[in-house]
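Please find the structures below.
Across the two complexes that follow, chain A remains constant while its partner is chain B and subsequently chain C.
Right after this comes the complex of A and B.
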């Protein structure tokens, strides 16, 4: 039986979302397949790794028991021994317990997890893993870089400007002036690397803009400011696959143009902030599946989503967010999430893919990509050293 | 092995024993059979927990007191043996402590037997005798509903539809033996127009006894299939018992489902046969069924009945036609029949459709007979779906027919051509697999070691476009 390590938590503002993704959408279905031994690897907020069966229970986290557990437990370490092995002290006479891992299923959102850091580590270890690779993850998680990649691939993007945290701290007034000269209100101010709508503000004047920049810079060292798309219809499209991406269903979050989803709305209030009518209950109960847009726009948005997935070099799974101007019917790229919260399993369910099938397919894609990479030649012999 | 042994000494062990007694309805034979079959007592209560009724609480108290006294006696003997050198004290004391789980698993049956013989049985006999007079004196139409399957569906259909124009009452839930008939009789006012009494056959002679006690004026026989064959020597014997109600009625006002193939040898000319083609002179002109329910058009001469029922499956056409026809005979108007039919909805766990993650699930987990399997697999075949899934553990109490019946179950499943078959692993799984193979099943087969793991996590297995038919679920005493 193959052993899969599901790595979740992490030093990210999306730490809690990651726990839900791992336990509900990944570990449970993987175990139900009865094909894999599943190991839960939790990365605490301080970056320490833990590996234990008890970490598969959501009550451990929802009740706050996790703090006691972390105090009592020995941290786990990882050995890269021609693959990957988890190691921890068992607690019985200091004996070491170890488990060789065959495949990793990353379930970390945001910094150090979804941004390519973890994927880089796994690439170095030469172990197959689920989801986008290092470069696609890194590009996708940088909203500025992502927009530039989309633009270079002739995919429309809304007008934007980017600033470093240092710029904003050194000359905040200058940044506001630059923005007001180049872009028109209303604007969105976002941390460049965070997902789950954390630290995002919608601003309508200079005062709000200054505040929004401050908030975004609190979370990230790079901030993007972008123009709002008029007559907005937001849509999102989960996609899976490697060379032949398969889209799920275009989903429409239930917002009005004056609203947008922040973290609380998406994950804590069940999406009740938007003024739209109650729609189909998704994972967070806030969207319509399929999106209620004209068929021609639906088809175009779906094709745009797949084109973006390919342009970014995504593999395994990702979710592409797009913005549609309802009047001009123009589809804009918004962002790519290399690891959709909860894998967007609710959407895949509507597309006819069960949770168990979804994780099995993703494991299959991970193995396929790994085999392809293994077949590549990465070294060659030279006489360079003989010169010395 | 160690885990199994330790399970006997867990604090929850007495509760498990009482749970086993309660689940087997305090019948000593089935309880002992289950007890002897059980290896790990920590893994018994899967589907439900002990219902803390008065009887259960008393038994639990008796067990705990008895076990505590035995352990204390054991400890005392060990003490005496070690400190005061009482000969054999320590060994006998240790033996007392070690054997208590085995001893009390059997000793607990004694108060039950004594209680039954001295108190419950005489009281039950008095109640049954009193109910006989109540039923005999009752002036209403008394409809006995008998058969190996479909009794509850028929009873509820009759109650709902006849209830549109008449004062109707029926035996509750699956309370279908003499003692429950007696309790039902005690609650009657005597002014009811119609009584519907379900007959739950369990052993030869049961149905004749029920008929003698409840004095039916009408009898409906819903079907015959292998069931309770641990008690009946053969299907023929089960059929003879079920049809013994017709002797009481001397063949008059007997209505028999002609859709049941096994029933044919028992048919007589005086019986009224109903089936998917019609009932009591009413002909089924049009019929359509899907997951939203069934639409039926019946015609008799110039009269027409058009109605919708929430029940699903083409095998229900005959039942619906019969109930509508009988309602007309008992004086209901077409409007009343149509209104009554509109109120019929699927019964819990009996061909009950619901949606899950966009998938259509048909919950037929209370269905436990071959004809039910035939109906369920036919439904799976006739409905369109992107992916078809069939789930079953098989059937219980099939006696000597066990292998043949499950072989046929496998073949029936294969005819529905499901994409995925999920079998709950047990003693009959191999027979079903053999039937699947012979039936040319080409889909995926999944054998589940832990049924509850599958049922509780069904939402993880299904998605939009799936049609799942789940038939039967073995209770803990069979699993």
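Right after this comes the complex of A and C.
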């Protein structure tokens, strides 16, 4: 039986969301397949790793018992032995318990998890893992780089400018002047690397812009300022696969342009309610699946999503967010989420893929990509050392 | 909404149009706890309700603060947002003590002041503080064998029984100790602002006696006692409290 380690938690603002993704959308369906031994690996907020069966129980986290558990448990360590082995003290006469891992299913959102950091570690270990690789994850989690990649691939993006925190601290007035000369209000000011709407402001004049820049620079060393897309319809498209990406359903979060999701709306209040219309409650609240937009726009948005997935070099799974100007019917790239919250299983279910099928397919894509990479030549013999 | 003030990420809500009403929440609470009242007042006023440092979505102070630091901070938020001096300040519990101190320091210069179950009369609480101190010291030793989770829960409930908010926000324990030592009765005597005092008849945290004390100290003040209400008087009797404030602000 293959052993899959599901790694979740992490040093990110989305720590708690990650726990729900891991336990509900990944571990449970993986265990239901009865094909794998599933190991729960929890990364605490201070970055310490723990590995234990008890970490599969949501009550451990919801009751606050986790603090007690962390207090009395030995942290786990990872051994890179031509693969990856989890190791921890068993508590019996100092004996150690270990488990060789065949595949990793990362379930961490945001910083140090979804941004390529964890993927880099797994690449070094030479172990197959689910989801986007290091470079696709790193590009996706940098809003400036992501827009530049989309733009270079002829995918429309809203006008934007980027600043470093140092620029903003040195010459804040200059930044405001540059922005006002190049972009038109209303604008969005965002930290370049953070997800979950943290530190995002929608601004409509110079004072709000100055405040928004300060807020974004408080969280990140790079800040992006974007023009708002008028007549906005937001859509998001979960996609899976490696070389032949398969889209799920185009989903339309039911928000108004003026009250874009902030972190609280998105996660702490269980999402926005859909103003009396029927909707599906997903990781981001209520939404319409499929998006209620004209068919030609739907088809174009779906094609744009797949094109972005390919352009970024995504693999396994990702979710592409797009913005549509309802009047001009133009589709703009917004961002890529390499690990959608809850895998966006609600959407895949609507597309005819059950939670169990979803995780099985993702494990399959991880193995396929790993085999492809194994087939590449990465080392070769030289006579370089013989010269010394 | 967010703004950076004195290096702290500060969360606030600013809504409505008209003269400015500033709302200050109590210890362990946030602007959200006074949302309903703020919404009602926003029909006739511009209402600023902020999460004070260490509460809600505002970052904790980088050092140990007292009411004076909080007062300066509130004034700095208002300036940063380009707002004039408030027409009125409404403070609940510790937010009430803060309001009294901020007006006394002239950090805020409102034309009207509303104190709901305001703390700041500290003289009655000496015995209670001594009790808390005793429990805290002996409890630490007596519970050392317990799992941390249960230990924390027990400490929380003991402090709750003693009427203390000290463990509501563990990171602010030192700030809490400094704040609850700060008696603002002398500041209350010096107030020259029309003041409405709203106290609950069944408040276990801040007794009605504190309201009566404020009433005797603040010249021309009006004391309203709300029956069938506890410390969160604005939540227990929202209609009555809002109507009293609206009438007073007219």
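In the analysis below, the second predicted complex is superposed on the first by the 379 of 388 C-alpha atoms of A that agree within 3 Å, B and C clash if a C-alpha of one lies under 4 Å from a C-alpha of the other, contacts with A are read in each partner's own complex, and residues count from 1 in each chain.
Basically, contacts are C-beta pairs under 8 Å (C-beta built on N, C-alpha and C of every residue); 3 or more make two chains touch, one makes a residue touch a chain.
Values in this document were obtained by computation on a predicted structure and should not be read as measured data.
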{"item": "Touching partner for A:95 - first (chain B), second (chain C), both, neither", "value": "neither"}
{"item": "Which of chain B and chain C A:211 touches, first, second, both or neither", "value": "second"}
{"item": "First (chain B), second (chain C), both or neither touched by A:348", "value": "first"}
{"item": "Which superposed partner A:199 touches (first chain B, second chain C, both, neither)", "value": "second"}
{"item": "Common interface positions of chain A, toward chain B and toward chain C", "value": "none"}
{"item": "Residues of chain B defined as touching chain A within the complex", "value": "357-358, 386-387, 449, 453-454, 457, 459-466"}
{"item": "Chain A to chain C touching residues, read off their complex", "value": "64-65, 67-68, 71-72, 199, 201, 207, 211, 214-215, 218-219, 264"}
{"item": "Residue ranges of chain C in contact with chain A within the complex", "value": "1-4, 9, 57, 80, 82, 147-150, 152"}
{"item": "Chain A residues within the chain B interface of the complex", "value": "28-29, 32, 34, 346, 348-357"}
